[in-house]
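Each of the next two complexes has subunit A plus one other chain: subunit B in the first, subunit C in the second.
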Partner chain A sequence: MGARSGEYGSLRRVDGIGAPFFVLGLPLFLSACSGRQSALDVAGEDAAAISLLFWVMFGAACLLWVAMNGLFFFLSRIRPGQFPDRYVQPLLIGGGILLPTVLLAALLVWGLGLLPDQRAPGDGLRIKVTGEQWWWRVEYWPEGAEAPVVTANEIRMPVGERVEFLLGADKVIHSFWIPALGGKMDMFPGRETRVSLRAERTGVFRGQCAEFCGASHAWMAFETVVMEPDTFDAWLEAEAGDALMPVEGAATRGAALFLSQGCGACHTIRGTEAVGQVGPDLTHVGGRLSLGAGRMGVSTAGFTRWIGHTEALKPEVQMPSYDFLSTEELDDLAQYLVGLK
Partner chain B sequence: MSEDRQKTRDGEVEEFAEEQASLWRITLSPLAWAAHFVICYGLVALSCAKGLPVESVRQGLIVFSVVVLALIGWIGWRAWRQWDVRETGDYLNQQGKAEDRHRFLGHAAFLLSIISFIGVVFVSLPLLLLEGCG
Partner chain C sequence: MRRVFLTLAVLAGFGFAGAVAVVGLGLYNVSAQVGHWPGVSWVLHTTFRNSVALRAPSMEDAPDLSDPDLIALGASHYATACTPCHAAPGEQRSATMQAMVPAPPHIDEAVAHWKPNEMHWIVENGIKMSGMPAWPAKERDDEVWSVVAYLAAVKVENAPTLPDVTGDTKSYCTACHERMGGRVPRLDILEPDYIAEKLREYRDGTRPSGIMAQAASLVPTGEMAALTTGFSGRATDRDVADVDPVLLGRGEELARRGTRDIPTCLACHGGDAANRRGPAIAGQPEAFLKVQMELWHDGIYDADPLMHAAARELTEEDIEALAAYFSRLQP
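Then we have the complex of A and B:
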């Protein structure tokens, strides 16, 4: 008896701490609903459709939860005793078979009805994205283009236009997902999948690989920049051009180091001798918002850290850490790369 | 062995054979559901991978789904008659007599037909709502 009341006592104490904690914690949980990588902080037509489905399901689930617990409370506390026989059959057949069948069928029809929109043809621009371990190879194919504008680890798209994404993968399955803009789509080696997205407001939204793809899966991300159409066209034109030639001392030394250290065997910097295809294209890497596929921001300090500690920052990455370079050399390289706007 | 006993024996054998068939019949609806599932998923995947005309495959599978639904409906209807609950008013058939066993098998087959019918409808919905291979 004593032990039992003790148990109850401790339970009550937990409750006493839990309730205020829950109330205080609630805004923290809700704050997770907003932000640049949230399917609930909608910035595109397709994400809006999915989020409406989510909120309807969430509301219905709450309603169902309250109804079931209300019924349980009613039958166990307010009106306990024998349940009248004449209600058993309607409750079992109605609540156990008819209701779930109708609800699930309605949700299935709704959900399937959303899918064709997510694969609707685009307004002209197509972006080909290939999942690599662990970065994104990106090619822009504007309408009528014969050759793509090649870049990496960042998506830019015009607001208000439906953009078609052609997805593929190199060695393993990845998944392309920009939660604020729409649903996810798997990327398979040797097969092309499609998803089309229409952004409704400008801004920067985070995309993330949504299918486990190896040691650095969590570090496989990218920034999505939704721009006004004019700004986008200007950006794409600049992106198609060759890299800027370094002018001042440190950056010039960095450019020479880039070639002498063999970086060009893996990376392309258009307009130079670096034409490697193994790693990300770096022609305009200094103009991007993130470095190392969403690993960190673009800055001189960032590049120094990245080049010197690549393997620590991105486990099992193919690029070796250039920790044998001196601080000055790393800084020269960083000055060069950060200048490649 | 007297003639009477022989008759009963024959009757029992006959009845057993009939129940055996009825036992098989309760599996028909789930089997139709399973076959429909495999054929739909298999054919669509195959035609997408091999570049066959997926639109004709889709239309063919819609017709096939209607046929399967009709088949399950017919099995369900026969099972409903076998259960005969409207005539007897006995839902559970717990007596353990031959007649009860017979009706119980009808009951089970009827319920399995309902779930199989719903299953086939759910599997068929993408055929109606989605086009192409994606």
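Then we have the complex of A and C:
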């Protein structure tokens, strides 16, 4: 008996230490709820619906937890061994069968009711996204367009409009997820899936591949920029145009290097001889917010690192590291690419 | 029982001591003049024949052995690499070679005994303890078929005369590179620096090729630089035969645009020499281009990670289409 009370005593001590830790740690946990890649920091209609469902479920789960533990405490500590037999059957049937059936059925109906919204028809703009290893091929199809505006590794969309995403994959399954804007949707090779999203406020939100797809799965991300409709239209028009021709020395040398080193075998820069389709379109790569599909920010230093150490920065990536280029050559290339706004 | 074991142990001890004495004291006579004990030659030779028959590749792996380009290439390699031991058809082996144990068979005798696939195995692998060497580039069993094609032609007495390889080094190069198509590239469209680099790679094995390693090893180092210029094109244009226009179109599309898996070829192999990364390939023989693409695809050539990556996703049909397109493209 002495040993047991000792155990309780130590448990109580742990509680005594744990409580302040829990209170102090709470803001740390809650800080994960805000941010540009959080389903709880809602920026879109679809994320709001999911978020509401989550909070209701979370609240109900808390209530149930308190009720169950309260009942257990009552029966084991306050009135132990005095539970009248005539209450047993109603409690088992009511609390063990009826209540969960009703609650779960209600949640199911609610949840299923959200599904059609995920595929609600869009307001006109369609964006076709193909999951590659490990980057995103992106095509904008404005209403009535005959040819897409091709870009990569970044999504831009107008605020307040429902945008339809047509999703596919090249070799393995990926999953398209912008937590702040809505639910995720798997991307399959040889099959098109759809999801539609409506952003409710402007800002930059992070998207991430949400299905393990190989060595660099964790490095397969993108930025989503929600813009005012006017700004978006202007951006899309600029994005549809050819690349800017460099004027300054280093960038001009970089442009020549880009072609002579065969970069155009895999990358397209519209308006130049580079027409490859294997890797991301780089026509306006300098205007993007991230480099290497969310791997790092766009800067001259970033491009230099990326081109010289591609395989180290993104394990098993198809692009070979151009570590045989000199520092000056890498810098020229970086100057050229960073200028492709 | 104990006595039996004891006897066996003593006998084993004597045997071991005897073996140590033979090896350690040099009691065994390795003289080639002495020859083998009776029966040993038969055992060795029978083992040899059966071992080759068991391991020879299927004839389904063989290219068309009646291809004159393939025979000519095999003949040229035979002329420098094989004649020292096996002699040219109709000529005698040197007295020294005839004194070898076992003596390398004369070519006429050698081809009479073996089927083409067995000859392939022998030329590729060599024969242990006989003086017959293995093919110098382990990964290039494809090249071995050219020698087999020549040997098969010798067998039916339809072989071309061996080229004269006793002239100066330049004429040694042109013997193949100006007079042959097939798997042999033309050099007149290649940059001197590129040729020099490849010669170095053949020598050090970076670019595995039994035929070119043999050829490059015969060139005195001082003469290397002089060998990289002054070539002329092929005597005849061999790749003008009609070809399916659909295949050609596919080749052109792949070369210009690539696909989502295949980089565009012309980004590195098009344009003028100063602005491209890779060698000129327009106008090279179709068979040569095919073999090269297969080598890069299979990773047997891997010195350039970019070219290996570029060829990785090529299918057999892609390779055929690209070879057809580039061989007909004006250099």
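Going forward, the second predicted complex is superposed on the first by the 323 of 341 C-alpha atoms of A that agree within 3 Å, B and C clash if a C-alpha of one lies under 4 Å from a C-alpha of the other, contacts with A are read in each partner's own complex, and residues count from 1 in each chain.
Criterion: contacts are C-beta pairs under 8 Å (C-beta built on N, C-alpha and C of every residue); 3 or more make two chains touch, one makes a residue touch a chain.
Predicted model, so just to flag it, every value in this text is computed and none were measured.
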Subunit B versus subunit C as contact partner of A:Q277, first or second or both or neither: second
Partner chain(s) touched by A:T193 [first = subunit B, second = subunit C, both, neither]: first
Touching partner for A:L52 - first (subunit B), second (subunit C), both, neither: neither
Partner chain(s) touched by A:V109 [first = subunit B, second = subunit C, both, neither]: first
Partner chain(s) touched by A:Q318 [first = subunit B, second = subunit C, both, neither]: second
Superposition-derived comparison: subunit B or subunit C, residues of subunit A touched: C
Contacts of A:D170 with subunit B and subunit C, given as first, second, both or neither: second
Overlap of the subunit B and subunit C footprints on subunit A, listed as residue numbers: none
In the complex, subunit B residues that touch subunit A: 114, 118, 121-122, 125-126, 129-132, 134
Parts of subunit C lying in touch with subunit A, wherever the complex brings them together: 256-265, 267-268, 271, 274-278, 305-306, 309-310
Subunit A to subunit C touching residues, read off their complex: 170, 256, 259-266, 273-278, 318-320
Subunit A residues touching subunit B - in the complex, by the definition given at the top: 97, 101, 104-105, 108-109, 112-113, 115-116, 119, 193-194
